[in-house]
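Shared between the two complexes below is chain A, which pairs with chain B and chain C, respectively.
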Partner chain A sequence: MQALVFYAFSAIAIGSAVVLVSMQNMARALFLFFIVLFSVAGLYVFALADFVAITQILIYVGGVLVLMLFAFMLSNKTLLDQLQRGTSHFFALPVWQALLISACFLAILVYASLQLGTFQPAWMVAAEAAGTTIGPADSTVNHIGIHLMTRYLLPFEVVSILLMMALVGAAHLTRKEANP
Partner chain B sequence: MSAIITLSLLAILVLYLGLFKARRALLPVSLLGLVATVVLYGVQWGKTAEPLYSGMVLFDHFAVVFSVVCVILTILVLLLSKDYFDKSSPHVAEYYALLLFSLTGAVLVVSFHNLAMLFIGIEIMSVALYILAGIRKKDFASNEAALKYFLMGAYSTGFLLFGIALLYGASGSFDLAAIKEYVVSNPQGISPLFYAGILLLIVSLAFKLGAAPFHFWTPDVYDGSPILITIFMATVVKTAAIAGFLRLFYFCFIPLQDFWVPVLLVMTIITLFVGNLTAIVQQSVKRMLAYSSISHAGYLLFAIVAIGATSANSVLFYVTAYSLSTIIGFGSLILVKRATGSEHFEAFNGLAKKNPYLSLAIAIAMLSLAGIPLTAGFVGKFMMFSGVLADYQVLLVVLAVINAAMGIFYYFRVIVAMYFKPLDRDAIVVSGPYRVVFFLAALITLLLGVYPAWLTGLI
Partner chain C sequence: MITLTHFLIVGACLFSIGLYAVMARRNAIMVLVGIELMINAAVLNLVAFGRYDSEHYGGQAFALFAIVLAAASVAVALAIILNVYRHYKTINPEDINHLKD
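Right, the complex of A and B next:
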């Protein structure tokens, strides 16, 4: 049963992602992206990463995607038309370069995951032997909170620099300036 | 650690100064803060370094030396920026703040001891530059540079994260010491995840360094950005990228040399040829310098191909020599462009007749970039080549010498234009800060060329 649900989620995610990238119509692509993000969130729940799943829905679905929709609705129609009239051949030059890169990347990952069965990482074996694994009923949010405030305190604080810089930059780039 | 705190507080202070319209104070305050950072590093020098904050950062000699190089290069860039930005916008505080934030990221990249810090450092360094590259809002080339840099940079960040995740999957830790422990203690049973992770990390770090075949953003971004930002990218960011690259590989991956050295070897050769062959055919000095920076990334990779105890020293020397000459090259381009409106080789025609000192500085910089003896560039190349020769990579050295010859060809075009072409305009006005920067950079280039031991004993 679990395996069935897992494969269903992955099939939905991969299938809609493939349709998404081959789509010419931007609005449809955006709505397919909803489905991709939701099913990936479902996969996170299966990996016992419920915190990541919730943030995925809150930030990506709730924030980023809605922003993208707004950008789509507010943008110029003729500009979008030009975008949609891109290359339509499957083997057009930009497409096969992208295909090559993604095929290489896929090959690396598939190779790694195929080999994983014979080389199970030592720390996983040790954790299973010691019984320190996370079960479906355990709460992971506690651990994340404690680690953020203890071991990962410095990165947590330094990220604030990144966020502030992004805000300053965005404000500066969108500021109206008098014509000299 | 105090240096990182100083830098980030300095940037916030600069933002406050901008809020209160204290434009005159911006440059002096930034320079004072940077000098204070150098002093703070100097005080730390020589003490035994421990990983701080649960092993997040480690200020060993390597980190301190490269951080100080980055800070000093930023000081030189800021000196050049006097009245450079004023023309493009009335709000200049943000430029200084973003440059300082980017420097903070660079310092984190050279002193990380945990992959989480490497990631955050690289992000802070590059996000600031995405904004700075597009800071001329009405200039189409600048917009293009920012967008291109942002898209490609975000893409390479994806590779970096994937690589870090795979390393974590294999070793169970982000900490460099723990990863090293994993590599050393399992000589046979290294997980394939780990190898895939190394490959992806090479991709993303080579991207940040601008090495082929991940160099496609470099010419357009260097060409489109404001020249001052280009200087910052070509010097500080490159220094931080190669230092971070070397730190990670020297710390963790040396036992797996047989796996990744061939990959890097091929990349190095491609980088050298792509950079030099395309630089030869350029008509614009700015693009020529951009392409030649790709080939210098290739020379820098030599140190990682022949990784060992001396790698850090040769990288330090090479990157210092390269950065100082690049500052002179691009800095003089600012002046020439201001006077003639052109970035072509012809714009340098006859410069030596009216501006002998400026031409002398440019000539020294070009000789150093080409690797002519008695300049720092020669010693840098010499250290790189001898490191590789000690590793019996004779073929690489032969190819590199061919490339160095190509380099001489296009760097000498500038010198020929300055000294042997007729003059067709008035003298260029060189303001005080520019004189100071050019004088210092040329002097250090010559001194290091004659007494290299000053820098080589540091790490």
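Right, the complex of A and C next:
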């Protein structure tokens, strides 16, 4: 039953991601991105990270996606331009080459993941032997809160400063031009 | 039983799809969506490996940091895209080929 729900979530995530990248209509593509984010949040729950899943829904669906929809609606003219095909440059390869590169990358990644099933890293084996894996009954929010305020305090503060810099920078970039 | 390999393969698929979007799409916002897909795949891997670490919760804590950084980068990137659109009247990455007007 658990595995069935997991497969359903992964199928929804991968399927809508595939449709997303091959879709010409960008508004629909953005709403498909919504579905991908929700199902990836479901996958986080299966990895016993409920707080990360909630954060994903709050930040991505509540913040990032709304921002993207705004940017899409403010640059709407590109819907018409998208049907035109230009010459190839490095940044936007012709489609079949991009497909080939991603397929090769996928093959390498899947091969490496399958290797992991037989050769587990030593720290994972040690953690399983010592019983220090996260169980379904652990309260992750509690532990994450304690660790954020003790062990990971420095990264936490650095991230907060970076967020403030990004906020100021974004506001600076989008301001109206003052009179020269 | 859902093993680590299942998560890694789903993450690999999402990463490759994001890579394809970055290389093939001719729209800056879709390129950004591709980058977000790749970040999501990386966060999925972090969370899946973090299940084996109940002492420090490193995977989940850094997954949170990665999500926050992705949100910040999206804000800045969308500001840049809007500026580029205001200047060039297009957001096709192929047409944006001047450093200065």
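By definition in this document, the second predicted complex is superposed on the first by the 154 of 180 C-alpha atoms of A that agree within 3 Å, B and C clash if a C-alpha of one lies under 4 Å from a C-alpha of the other, contacts with A are read in each partner's own complex, and residues count from 1 in each chain.
The definition used in the following text is that contacts are C-beta pairs under 8 Å (C-beta built on N, C-alpha and C of every residue); 3 or more make two chains touch, one makes a residue touch a chain.
Predicted model, so just to flag it, every value in this text is computed and none were measured.
In the superposed pair of complexes, A:144 makes contact with chain C only, with no contact to chain B. Judged by the touch definition given at the top, the superposed model places A:31 against neither chain B nor chain C. Contacts of A:98 after superposition on the shared chain: chain C is touched, whereas chain B is not.
Touch criterion met: A:122 reaches chain B, while chain C stays clear of it. By the touch criterion defined above, A:109 lies against chain B and chain C together after alignment on the C-alpha atoms of chain A. In the superposition on chain A, A:167 makes contact with chain C only, not with chain B. Of the two partners chain B and chain C, it is C that touches the larger number of chain A residues. In the overlay built on the shared chain, the residue A:14 is in contact with chain C alone; chain B does not reach it. Shared-chain residue A:153: touches chain B; no touch with chain C.
Once the two complexes are overlaid on chain A, the chain A residues touched by chain B in the first and by chain C in the second are 109, 112, 116, 123-124, 151-152, 155, 159, 162, 166, 169, 173. The part of chain A that touches chain B in the complex is made up of residues 108-109, 111-112, 115-116, 119, 121-124, 150-155, 158-159, 161-162, 165-166, 168-169, 172-173, 175, 177-178. Considering their complex, residues 8, 15, 52-54, 56-57, 89-91, 94, 97-98, 101, 104, 108, 114, 116-117, 120, 123-124, 127-128, 130-131, 134-135, 137, 166, 169-173, 182, 186, 189-193, 195-196, 199-200 of chain B touch chain A.
Those residues of chain C that touch chain A in the complex are listed here as 1-21, 23-27, 29-30, 32-34, 36-37, 40, 43-44, 47-57, 59-65, 67-76, 78-83, 85, 89-95.
Chain contact summary for the complex, chain A toward chain C: residues 2-3, 6, 10, 13-14, 17-18, 20-21, 26, 29-30, 33, 36-37, 40, 43-44, 46-49, 51-52, 55-56, 59-60, 63-64, 67-68, 70-72, 74-75, 77-78, 81-82, 85-87, 89, 91-95, 97-99, 101-103, 105-106, 109-110, 112-114, 116-117, 123-124, 127-128, 132-135, 138, 140, 143-144, 147-148, 151-152, 155-156, 159, 162-163, 166-167, 169-171, 173-174.
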